[in-house]
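Shared chain: subunit A. Partners: subunit B in the first complex, subunit C in the second.
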Partner chain A sequence: MKRIVGVRGVASAILALSTAATFSASVISSGGASASQKPRAASSSFVIGTVNSVQKIDPDVVTNFLDFEALGLIYQTLVQENANLNIVPDLATSWNFSNGNKTLTMQLRQGVKFHDGSTMTSADVVASLTRAQASATADPSASYLGSVTNIAASGPNTVVLTMSHPDISVLEGLATVNMAIMPAAAISAGTIATTPDGTGPFKYSSWVPNTSFTMSANPNYWGGKVSLSSVELETIPTEQSISAALQAGTIQMGLLSQPTVVSTIPKSYKVQKAMTLSYRALQMQDRKGILSNVNARRAIACATDRKQILQDSVFGQGKVVGPVPMGPYASQPVSSICPTQNLKQAKKYLIASGHPKGFTFTAITSTDLDSTSAYQAIAMQSQLAKVGIKMNIQNLAANAYIQDWLKGTFQAAFAENGANPNPYVMYGRYFGKGATLSVPAGYTSASLQKELLAGDEVSTPAGQVKAWKKLSADLTGNAVWIWLFTSYDFAALSPSVHGFTLSPVNTTQLSSLATTSVS
Partner chain B sequence: MTLQNPSSLTQNSDGDAQEEPVRRRGWFASIWHSRNGRIGIIIVALVLIAGVAGLAGLTPHAPDTQDPTQVLKGISVSHLFGTDQFGRDVFSGALQGLGVSLEIAFLSVLIAGAIGSLGGIIAGFFGKWTSAVIMRFTDMMFAIPSVLFALAIVTALGPSIMDSAIAIGVGWIPIFVRVVRGPVLALRESDFVRAGRVLGFSRARLLFRHILPSVAGVIAVQTSLALAWAILAEAGLSFLGLGPPPPVASLGEMVSNSSSLAGIAWWTLVGPSLVIVVAVIGFNFLGDGLRDASDPRTRTR
Partner chain C sequence: MNKILAIGRRILSVLVTLWGVSVIIFVVLRLLPGNAVTAAMGVSEGLLTHAQVAALNRYYGVGQPAVQQYLSWLHATITGNLGISLSSRMAVSTLVGTALPVTLELAFFAMLLGLLIGVGFGMFSALHPGRWQDDLGQTVSVVGLAVPSFILGTVLVVFMSTKFHYFPSSLGFIGFFTDPWLNFQQIIFPALVLSLGIGAAILRTTRAAVLEVSGLNFARTALGKGVSRKAFIWRHLFLNALTAVVTMSGIQLGYLLGGTVIIEQIFILPGMGRLLITAINNRDFPVVQSVTLIFAAGFVIVNMLVDVAYSLIDPRTRKR
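Showing the complex of A and B:
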C-alpha cells in the first residue's frame, strides 16, 4: 500500500511540476503555438509574425500601427514619405501650389487599376478625399484637410484642392493611409469597411480578427511584378514566440521592438533596425479630475526620469524626445520645465497644485499594441512614487485600449503615436481647431490652436523654427502630455528573404514587400 | 448524546461494528507518518513562512524598489535570484509574489470549500429533487473550463486580489460538491445517522455534528489539492496580465515580464518559476499525506 501511495505521490508531483513548468517552457523553448506548427510548404507566400493584430480594415478610420501597415500594402495615397522623410509621388505624379499656396493642383498617375479591375480617375480621388473629410466618417486624420474648402476634379487625371488659407502641410497630410484612394463605386456601395479595394501591390484576401490578415499579389500592380504570391500578418502573442517561430521556419519575418529578444536571434538571420517615426508619451486627460490641475501635471513631468524609462523599456535603444522628436524643429530641450528628473521641482509643483502629499491617478497600457508599454509604466510608477504620486496601472487588450483611447475614457494612457517632421501635421489633429483627435488628446487651448495655425502659415525657415520652438515650450510647459522617447523597431528576416528594407516611417514600414522575394 | 461515527469504528471478524481497540494517532502524526505527508508538511511550512515574510515586508530588499545600478545582476549572496531589468531584487519580489499567491489561493479555496462542501452535503443528504438541482448546476459549471471561467470572471470584475480569489474559487466549487456528495450519500443510509433520526435529532445536528466530521478528511484532501491548483491558476491569470496590478509583485507576472529576458538573464525567469513549482509540489504532497491520514486503514495500526 505504501508503495502505491508513494508512486502516486511522485506522479502527482511530476504532474504539478510539469504544469507549473509550462510557464517557463512556453517562453524558453517552444515559442508558443505558432512555433509548434509545421513549417509551411515552400512557396513565395510570406508570413510575418507580430504581437499586434489588425483591428480595423477601413483605411479612413484606422489608428493602430499594424492597420496602417496592412492597409498600406492594399491602398495607396496621392503622395508618400520616403525613407528620408521627403514627400515623393505615389498616385499623383506631380503637383503645384498656386494662388498664394491656397490652391493645390495634382496630376494623377494614368493607367492605375483598382483590385476590382476598374481604372482610377479623378472622380475616385475626389470621392475618397471627400469621404475622409466628412465628419460622419470620423477619419482621425481629417484635420489634415481642415483648411480644404473644396475638392474638385479638373479633367479625368487632375484634382484641385482649394484651401481657406495658405497650407502647404496639406501635402504631408495626404501621405497617410487615412487619406487612401479607393473606388468611388465602393464608397457608394458602402463596402469599404468590409472589403478593402485599393491600387496597391497586394489584394485583400482574408481577415481573422486577432489572428491573421492575408493578402495576395496584385497582378495588375502599376509598379511592376510582385514576387510574393501572398503576405500573411500572423498574430503571435509574445516576441519570444516570434523569434522561435522564425527559427522554426513557420514565419519568414518577425516584427520586434524588444532589443533583449533581438539579441537572442542567431546571426544567420538578418536583423534590420530603423529609428521609428513615432514617439512614446503619457497622454493625459487634462479636462477633468486631478489631471486638469496644471501643477499636478507639471509635478508628473518633473518627477519623470525619461532616460531611465528609455533604459528600462528598450535598454537605451532610442533617444529621449520632446513633442517634436526629429527634423529641423526637433524639441530642444525636451521639456521647458524639467528636461531631466527634478524631484525638488516636482514637490514644489505638488505644493502649488494643492496636493503636497501627492495624488493618485490611473494610466492604461496595452502590451498587445506596444510590448514595451508595461515596462514604461512600471518604471514611471516607481519614479512618481518618490514624490508621493501613486500611478495605478491598468493593462488592456488591444481593442479595449483603442476604444478607451478614442473615447477619451481614461485618465492617462501610455501611447505610441506617429510622428512627422512637420509639427502642424503631428499636432494639428490633436490640438488644432476642429482637431479630429481632440477627445483622446484631452486638452484644448485657444492659444495653442492659434500657435499651430500661425506656425503652419509661416513661410520663412527662421520663422518656422521660432514658431515650432514656442509650440514645444508651451506643450511641455503646461505638461499637456509627458513625452518620453522614440526607439528602434526591428525586423528579423529569414536568410531566404531578399530585397526587404525596413522603412523608418512606421506606418509604411512594410512598403518594400512589393519588391521583396524569397529564394 | 453523541453518536459514534464510522471513522472511529472497526469491524470484528463477524462484521459487527465495535469500539476501536487500538490507539489512534492525531491528524498531524498521521500525516507525518507517511513519507509524502512529511515532505508536504516541510515544503508547505517553508512556503507559508516565505509567503508570510513576503507579505509582512520581511524581504532582503523592498520588492518594488528600482535600482538603476543593479540592473540584470546575476545570482549573488545579496540577490539570491538575481535582479531584473529595473534593478529590483527578484528573490524579494518572488517572496512577495508567493505571499500574494497564497493569499489568493487560501481565499479562493475558502470560497470554493465553504460553498462547495455545503452544496455537496445538501445534495447528498436531502431528497433527489434538491440533489438534482444542485448536481445539474454543477454539471453546467463543469461544462465551462475552469480557467476560462476564471478568465471571464476576472475580466468582468477587474484585476485585484479579492476578484482573483473569487474568479478562481468559483471554478472549484463544483469539484467540492461532487467530492463531498458521494460520501454523504453513503453516510445518509448508515446506522448511526438512522439512529440519529430515530432519536429525533434535527437535520442541522445530523449534518453538522455527525456527517460533516465524517467527510472532513475528504474536504481536507481536496482543500490541499485545490490550494495547489489555485496557486497555478493565480499564476496563470497574472501571466496573462489579469492578476493584481503593479507594484504588487505576482509570480505569474514576474514570469511573463522576464520572458523577454530569458535569453540574456535566465535567473529572472527561473526564480519565480521555481517558487511556483515548489509551492505546487508541496501542497500536492501534503494532499497525499492527508489522504493517507484520512484513510482508516492506514491511519490506525
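Showing the complex of A and C:
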C-alpha cells in the first residue's frame, strides 16, 4: 500500500513540474511585460549597469575604477580636471603660487554644505589633506603631497600649502578623489570608512557589496538642482548582460569597454565614447639582459605597427599615442625614431645592437587585468618576427602579474597604466629622482630626472610645452618603453536620457549625472 | 545501541570530512600568489611607502602566522559568524545569509526541472526502445550534455532581451516573500538552463535502469500474472529503477550547488557563486573559506539524504 502512495506522490510531483514548465513557457510567450514594467524599490531610480562593483567607500584608500566614480559623485575636491584636462575650480574658487612656486594659497568656495548639514570651512580641508597625507591612512595618492611640508588654514576660507621645493604639479594631485574634502568631525569620529559624507551632488544611501551602490540627490548641492532623485550602480557581471538589461529597459545606462558588445546595441540607443585616461605600453626592464641594449629596444620600437595592434586588440576603437597620451602636452609625433612601422630601420638597429639576426625575449601579460593584452601581445609577436625578434608570451593571473611587475622580475610587460595630463605626475613616479615605481619602470637616467624637474618648475605654458616635448623625445628616442595606444570607454544610454556626457577624465566619467535628466 | 553508534560514526565522519576540506582550502589559498593588499591595491601598491604598506597589512591581517589565521577563522566558524570579510569589512555570515537563499532556490528549481526532464524523457525512451520516442529521448540527452550551460544562458538572455525586451533578473534580485511572481520569473530561466544538463544525465540513467529492470525475471512474471500496464510501469519498473535514479540525482545535486557560478554571472543573480568569484579575485580568504565549506557541507548533506532515500525506496537496505 505504501508503494502505491509513493507512486502517486511521484506522479503528483511530475504533474506539478509540468505545470511549472508550462507556466514558465507562458511567461516567455507573453513577453514578460509585467516584469519589465515592474518598478524598482525607488521608481525614479536611474540605474547604471557596470561589470565592476564598489569595493570600498573611504575615498582616501580607493583604487578601483568604480569606487572613484561612485565616490566622485558624493565627494568633491579642491580643483578638478575639465573635459580638456585643464585644472579648473571645484571647492577652491581661486589659487595662486608664491615664494618661487613653493607656497600655494587657495580660496575656498563659501556656503558649501556637507551632506550632514554642516558648512565646509578651511578646518575641514586641512583635516582632509592631513588625513590623506598620513602614513596610517595608506592613501595611494599621498605621494602627490610628497613635497608638502605644511597644510594650514589662514582664515575660515583660505588654505595654505607650503612645499619643500617648487611643485606646481601638486594641483593635479589635488584633483583626485583620493584627496576628497570631508568633514573634520567625521574624520575625528572615524566614520569615513562606513558612512560617506561629502559635498557632491549625490548623498550616500546604501551599499550591498558585489551587488549595488545607491545614492540620492543632495537637496543642498551648491551647484544647483539635481534632476535625478537617485542613482544606482548595479553590478552586472558580463557586458553582454548589461546590453541585454539596457534593451529590456531595466537599466538606463550601461558602462562598457568591449567594442564587440557595443556593436550589438541597436541604433535607437545613444552610445557615447570617451578616451580613457590611460595608455597601453610594452614596459621593458632596461637594466639587464638583451633589453639593456638601447639599439635592441629601438629595433622593437621600429618593428612595431601600433595601428595594427590597436586594430587587432580593440577593433580600432582608440588612438595610437606616445608617452603623453592627451591633453595640452600630448606627444607629437608619437615616437621620435619610428612613428610608424619601419622594418628597414628596425634591421639597421638590430645590426647596431650586435644581433643582426634578431634575439629572443619574454613578455608577460595578464588578461585578468586587461582583457586586450593577449591580443596586443599576439599582434606584436608576429610583427617582431618579421625582423627576427622572437617574443615569447607568458600570460599570468592578476596577482602573479602584479607581484612580478612590482618586483621588476620580468623582461617585458604589456601594461595598462593610468595617465595624467601633467607628465610630471605621470612619469615622476617612474623615472624621477627617488621614484617610487623605479623598479617596475626598469630604467634610470639622469637626463630624464632633470627633464622631469625642469618641466615641473617651469610656470609659463610655452615653457611647459617645450619641456614636455623634450621628455617625450627622450623617452621614445631611447625606446625606454614602447607606447602603443589608448582606447575608448563607452556609455550606452536609453533614448530617454538627456544631458549626460561621458567625461574623458577616467576617475570621474560620470560627473555630468548632476545635470542629467530622464524624460 | 548499534543504531546510535552508527549515527555517531556517520556524524564524526562528516565532521572529519569538513575539517579536511577546510584545511585543504586554507593551504591552497595560501599557495596562490598575492594577498588581500595586492588584490585591493593592484600595481598602486608600488606607490605606497613602507609605513603605508605596514598599515594596510595590519588592516587586512596580512602577515599573521598561518596557524593563527586558521585557528582564528575556525573559532569564528564554530561560533557561527564565519569571520569578517577583508574587502567589505562585513560579517561573512551576513554576506552568506544574503547569497545562500538565492543559490538554494536556484538549485531547487533546477533540480525539479531536471527531474521532470530526466525522469519524463527517460521513461518515455525506455518504454519505446528502438522507436522514434527513444530517438527523441536520446537526442534530448545528447543536446543536454553537449551544449554548455553558459552558451545556452547567454543565447537565452540575448534572445529574450532583444526580441521581447524581457530580462527580469536585471531588475535587481527580489526575494520570494517580497514579490513571489517576479522572484519566480527571475529564477525560472537560469534554473531551466541548469536543468538541461542535469536532466540529460538523469535521463540516461533512468532509461538504462528501466530497460535493465524490464528484462529481469520478476518483471516477466508480473506481466505473466496479468498486472495492468500502468501498475507494471510504475510499481514494477519505475520503483525498482528508482535507486539508480536517486543516486544520479544526488550526484547532480551535489555538483549543482557549486555549478551555479557561471549561470549566476550571466543571469545577474547575487548568489554564492558570485560571492565566491569576487572573494577569490579580492583574495578575501575568510569569505572563500566559508563559502567553500558551505558547498562541501551541502555535498555531504546531499549524500546523507541519498542514503536515507535508499532505505525508504528499498526495504532490503534497512536490514543491512
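The rule we apply is simple: the second predicted complex is superposed on the first by the 286 of 519 C-alpha atoms of A that agree within 3 Å, B and C clash if a C-alpha of one lies under 4 Å from a C-alpha of the other, contacts with A are read in each partner's own complex, and residues count from 1 in each chain.
Note that in this section a residue touches a chain if its C-beta (ideal position, glycine included) is under 8 Å from a C-beta of that chain, and two chains touch if they have at least 3 such contacts.
Computed from a prediction, not measured in an experiment: that's the story for all the values here.
Enquirer: One more residue to check, A:I378. First (subunit B), second (subunit C), both or neither?
Expert: first
Enquirer: May I ask you to decide whether A:G223 touches subunit B, subunit C, both, or neither, giving the answer as first, second, both or neither?
Expert: Touch partners of A:G223: none, neither subunit B nor subunit C.
Enquirer: Which of the two partners, first being subunit B and second being subunit C, lies in contact with A:Q240: first, second, both, or neither?
Expert: After superposition on chain A, A:Q240 lies in contact with both partners, subunit B and subunit C.
Enquirer: Which partner does A:D312 contact after superposing on A: first (subunit B), second (subunit C), both, neither?
Expert: In the superposition, A:D312 contacts subunit B only.
Enquirer: Check the residue A:S263 against both partner chains and state whether it touches subunit B (first), subunit C (second), both, or neither.
Expert: first
Enquirer: Going by the contact rule set out at the top, does A:Q394 touch subunit B (first), subunit C (second), both, or neither?
Expert: In the superposition, A:Q394 contacts subunit B only.
Enquirer: Mind working out whether A:P333 is in touch with subunit B, subunit C, both or neither, as first, second, both or neither?
Expert: In the superposed model, A:P333 contacts neither subunit B nor subunit C.
Enquirer: Which chain, subunit B or subunit C, ends up touching more residues of subunit A in the combined arrangement?
Expert: Of subunit B and subunit C, the partner in contact with more residues of subunit A is C.
Enquirer: Both subunit B and subunit C touch subunit A; at which residues?
Expert: Shared contact residues on subunit A (touching subunit B in one complex, subunit C in the other): 6, 13, 17, 20-21, 23-24, 27-28, 238, 240.
Enquirer: Under the definition above, what is the set of subunit B residues touching subunit A in their complex?
Expert: Those residues of subunit B that touch subunit A are 34-36, 39, 64-66, 68, 71, 85-86, 159, 228, 232, 235-236, 239, 241, 245-247, 252, 255, 257, 259-264, 269-270, 273, 276-277, 280-281, 284-285, 287-288, 291-292, 297-298.
Enquirer: Can you list the residues on subunit C that touch subunit A in the complex?
Expert: 32-35, 38-49, 51-53, 55-56, 59, 85, 87-90, 95, 98, 109, 112-113, 115-116, 119-120, 154, 157-158, 160-162, 164-168, 170-173, 179, 181-182, 184-185, 188-189, 192, 234-235, 238-239, 264-268, 270, 274-275, 278, 281-283
Enquirer: What residues of subunit A sit close enough to touch subunit B in their complex?
Expert: 1-2, 5-6, 8-9, 12-13, 15-17, 19-21, 23-24, 27-28, 238-240, 258, 260-261, 263-264, 308, 311-312, 315, 367, 371, 374-375, 377-379, 381-382, 385, 392-395
Enquirer: In the complex, go through subunit A and note every residue touching subunit C.
Expert: 3-4, 6-7, 10-11, 13-14, 17-18, 20-21, 23-24, 27-28, 31-36, 38, 40-41, 49, 53, 55-56, 63, 135-143, 193-194, 208-212, 232, 234-238, 240-241, 243-245, 247-251, 266, 368-369, 397-400, 402-403, 405-406, 415, 417, 429, 436-437, 439-440
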